[in-house]
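Letters A, B and C name the chains as they come in the text, with residue numbers starting at 1 for each one.
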Amino acid sequence: SAGPSILETNHSMNTEFLLFSGFLVFLMQAGFAMLCAGHIRVKNNMNILLKNLLDCAVGTMAWFLLGNGFAFGENSKGYANPFIGVGDFALSNTTTNTRSDSSWHLFFFHWAFSAAAATIVAGAVAERVAFECYMGYTCLMTSFVYPVAVHWVWTKWGWLSPFNATPLFGSGAIDFAGGILVHCVGGTASLIGAYFCGPRIGRFGVNGEVNRDYRETNGNLVVLGTFLLWFGWYGFNPGSAGSIAGYTSAAVVSRAAVATTLAAGTGGVACLIISFIINRRWDVMQLCNGVLCGLVAVTPGCGVIDPWAGMLVAILGALVFLGADALMLKVQLDDVVAAVPMHLGCGAMGTLFVGLFAREEFVKDFYGVNPSAGRRWGAFFGGDGKLLAAQIVALLVVMLWVALFFLPYFWAMRRAGLIRVPMEQELAGLDASKYGVITTNELPTMPKPRQKVYM
Amino acid sequence: SAGPSILETNHSMNTEFLLFSGFLVFLMQAGFAMLCAGHIRVKNNMNILLKNLLDCAVGTMAWFLLGNGFAFGENSKGYANPFIGVGDFALSNTTTNTRSDSSWHLFFFHWAFSAAAATIVAGAVAERVAFECYMGYTCLMTSFVYPVAVHWVWTKWGWLSPFNATPLFGSGAIDFAGGILVHCVGGTASLIGAYFCGPRIGRFGVNGEVNRDYRETNGNLVVLGTFLLWFGWYGFNPGSAGSIAGYTSAAVVSRAAVATTLAAGTGGVACLIISFIINRRWDVMQLCNGVLCGLVAVTPGCGVIDPWAGMLVAILGALVFLGADALMLKVQLDDVVAAVPMHLGCGAMGTLFVGLFAREEFVKDFYGVNPSAGRRWGAFFGGDGKLLAAQIVALLVVMLWVALFFLPYFWAMRRAGLIRVPMEQELAGLDASKYGVITTNELPTMPKPRQKVYM
Amino acid sequence: SAGPSILETNHSMNTEFLLFSGFLVFLMQAGFAMLCAGHIRVKNNMNILLKNLLDCAVGTMAWFLLGNGFAFGENSKGYANPFIGVGDFALSNTTTNTRSDSSWHLFFFHWAFSAAAATIVAGAVAERVAFECYMGYTCLMTSFVYPVAVHWVWTKWGWLSPFNATPLFGSGAIDFAGGILVHCVGGTASLIGAYFCGPRIGRFGVNGEVNRDYRETNGNLVVLGTFLLWFGWYGFNPGSAGSIAGYTSAAVVSRAAVATTLAAGTGGVACLIISFIINRRWDVMQLCNGVLCGLVAVTPGCGVIDPWAGMLVAILGALVFLGADALMLKVQLDDVVAAVPMHLGCGAMGTLFVGLFAREEFVKDFYGVNPSAGRRWGAFFGGDGKLLAAQIVALLVVMLWVALFFLPYFWAMRRAGLIRVPMEQELAGLDASKYGVITTNELPTMPKPRQKVYM
């Protein structure tokens, strides 16, 4: 018709919503970088910054060239199979789409997610992983492993997706904002990477005792990072609703923001108190950990649970995190920023939680009612357990998928002696090698390399 | 009707506007934390971060369980009395509201405000207040004291509110974005807390001379904090319009953004120049203070004054701040981040300024015209002084309300010896106690406690 | 008509879009400040923060009082000449506009841009420029030089503008987001300022060898600054579309976000790899530089080029940057943060790139088709070279315009001995002078001044 229409206005509003949400998700990269930089020893400071910023930069190219196509691509007939997307590589389809159907904002939003998924591992393997090994991991993750899992769970074609016409168990798995896809994917890769890298030299004594000196060098950076991550999560969780135009969409988005907030606050308080009971000190680092645990734990279900359930899942998240963290140290798995307990532990727990506490009304609000299969919700609220079953299957399958690639990858890198920097480099600090910058202010006694001075 | 309506689209736009404004307000927590961490001595660094992040986390739970209900709750008949809200505790009503009437975004926005109000005090009593005492204050503030004041001034039921059907003096008090409710509430509590805590050991000499070594340890953090606060204020001030859909709403929001900007810039320049005249140095800390003074001073009136008046109120704010700061030091009140001169001083001045400089047109744009009472505006522009009278009454009453709780609270804590850490802890630094983390990098000579190592 | 209209809703959406974009652009000030603080020596830390924050504050007043009027002002008949705007000083017109025509948000958005243009120079002349000289520059830039150039290129009256009824060469110059107006303007002023200031003492040896100790003192701040700038660029580039309501506008905005993202990532990778080939080290500082190069390079064309072209322009940007940076060092031009190679080098290259790679379809989408002149696009895609000619003319004319003011200004300041701090101050560090703050923690051996203690 002549003149602007409400549909056009709503499309624009949703575009704006998704872009600004994506901007916030992108800022989580700054949060991750500050968090990691605050947790590692100063001698590896430049190196971790390099990895954090570079996986974002490299991931951008990988997602554009390949990842987005494997996740969302359709063939020329608008079809994709349940297992992998093929098409739209390098945005080849999107470039020519009509104005009313433009999807650049979808590409942008999911790019920010792929970067978040990849960067989780940086902290787990910090201070000893070889630069080339880490970059190989990043490319593999953002170009193929993560995108295929996204195809399974978030697209209408995916075999695990609740948007599928014939969803798994008549339900499909609900991963509202990426608890499986971002946190469990990143967490599983972190576990495998940390295992094959082995612990930092001196992290564990000969009898397995833990050296506390290896953590928490800069509390200001950790707290700044935590706040930036919390802030960015408001793009991550509410933004995952995908649209805000319409009464129902607006309610889903804002309810997700409330659940996210309650989880962050409650997780922080829970983790602080529990760690106080154990250690008899009020530890701001555990408060930060708890906030992030709450945020991870509420991610899979933030749009389909009651806000009060956000508090419950956060408390469970704090317990899972502290238990898993203790276990990691017991088995001498060295994870510099506790990425495995946080992202895999809380992400998996939160995924199962959805199978128990998803509300019928909220699930139907967002996912609609499948004409043939109906719609399943949490077992605790009278659902029939099929959603829970789908959650379990999706979680395990995606973890296996990640392992299928990164077990061989990190194993082979270790066999080839490429996974880890040489011992003398690790002891001297990675910044003293060619994989960093020697800054005279920080390392005044290091000999300066003789070479062409460029900048 | 069938299909989407403009009303639905506008509701969604307002939801989006309020959520993103709330996200920015939340990020002010990071600004506060960096500002405080930059102003305190390194030996108390972890401790101030703990308090800044924890009051936000605890405040989240308190606001959800109690505060929101005392501020905005209505009974089952949709009624509330002029003095206190009762209902909707733990969002019990909101959970079941219909989609077209969802108000999660309102809860979210006001949660971010409550956290801002509470955290102001952290800086004032930093470096010596006992952890438990501070947490008790936070709970009391966010669960009851602040919410009840909000009920009075911002709800249609409140006895001081311009939205009241029969407003005070036929006008009601105009506190557009929380100059009274956030800044004067936080500033009054800061004044009481700082008084009862007493100054830090060594802050004042035996003859009352001021020890300058107690300020400004990390300028980078202070400037970063100032920028983050300025950024967050764009959620705080324009966001307080509550809606942006419609020509008038859009004009109110964007005019508030302009007034806020002019106040920030002008306040910074004014404070820098005045302090240069006094001290003969160009002090970036006074520039930061001035920016924040301007922002506080323009908060009560940003939506109802001309942008140029934002410049005027900022200059007055800089004068009030510098005078009040000098007075505080003269009477040996130790306020680590100058929270009292800034939040109470500039907040109160800005509140009175509204009574003089609010424009008739802008007041009617936003508050509408009360059918029985009409609408009052600034005395300087031909108003009849009733708005000014309401401003004075609201300011004094709210300050008294805050004092009613925190005078007894801090007095009792001091009597019980619970207000302040032991002298040896204060001298050693709070981070060396159980209320912080000993970081080997920063405090290498501290003996490490023998205890179960957990993380 | 009665009730809200779609036009009203769209106006509100565009207002919201421009305000939030402006908020992000403002946060770039924090990014600049952290970047500069990270690149300079600690003894000048407070001083650079002072300049970074103060040019923003002073620029706010200058833009309000004068700049906005010279850029966008029209006379009482709604007319402006092609060379300068006159009117609306101190928002004198805007104050009285009707609600449906309010333009406060435009003022706000362009204020944020003017602050960005001014602050670029701070890094180039850091560590030795005199405070008063720098403030004079800032006032001149934000009140007159930058605004007049904006009038030429971005308003419908401007003689270089594509919105002009009879555009230059039937085309006008396309500067979508300020590659000429912000980056080349700031970069040209940086070049002139750095030349007349001369290099820092000891930066170059007697034989022209470069002292590497003068860079990169705090990598955490540099990386944080880079992330904040990248984040803010999402307001800068997509926001420059000016509106998002409507299918076409939404497509332009989101395509610009994608091109910006690809340029940032690719520029970072390219600069890192090229610098590795030259220096044999993986330097996170070059990664940061590359990200910013990509962002600058894509700025002029982000809304009218294909996303893949964003990758291409970023690679070219990295080459231009590294070449220009080497050249600067060779001719012993000392530019502390490499502002000239980055902002002038990449900005100019990106401007010419538009003349080659702007797509017909995208140009017509955004700029419409001029009834008499048609519309020109990139020579590489079959355009006739008139756009490229307009780009070259606009670039040169604007650079000359900047030089017309700042060549005499900085020359005169040098002649008068006012451009630079005294040698003993530079050696002692600017923070030890009256233009900074002596912080006891950082400079414990400096004698403390005896003077009235104020705060």
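Here, contacts are C-beta pairs under 8 Å (C-beta built on N, C-alpha and C of every residue); 3 or more make two chains touch, one makes a residue touch a chain.
Note that the coordinates shown come from a computational prediction; the quantities given were computed from them, not determined experimentally.
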### Message
Graph shape for the chains shown, where an edge means the two chains touch. Line, ring, star, complete, or other?
### Response
complete
## Note on the structure
Rotating chain A onto its identical copy chain C by a Cα superposition takes an angle, to the nearest 5 degrees, of 120
### chain B and chain C, separation of their C-alpha mean positions in angstrom
33
### Task
Enumerate the residues of chain B that touch no fewer than two other chains.
6, 9, 13, 16, 20, 218, 224
### Message
Quick check: in the complex, which residue numbers of chain A touch chain C?
### Response
3-6, 8-9, 11-13, 15-16, 19-20, 22-23, 26-27, 29-30, 33-34, 37, 45-47, 49-50, 52-54, 56-61, 64, 90-91, 95, 99-100, 102, 104-105, 107-108, 111, 131, 218, 221, 224, 434-437, 439-441, 448, 451-455
### Task
Quick one: which bits of chain B touch chain C in the complex? Just the residue numbers, please.
6-7, 9-10, 13, 16-17, 20, 24, 41-42, 209-210, 212-213, 215-220, 223-224, 226-228, 230-231, 234, 238, 244-251, 253-255, 257-258, 261-262, 264-266, 268-269, 272, 275, 278-288, 290-291, 306-308, 311, 322, 325-326, 329, 338, 365
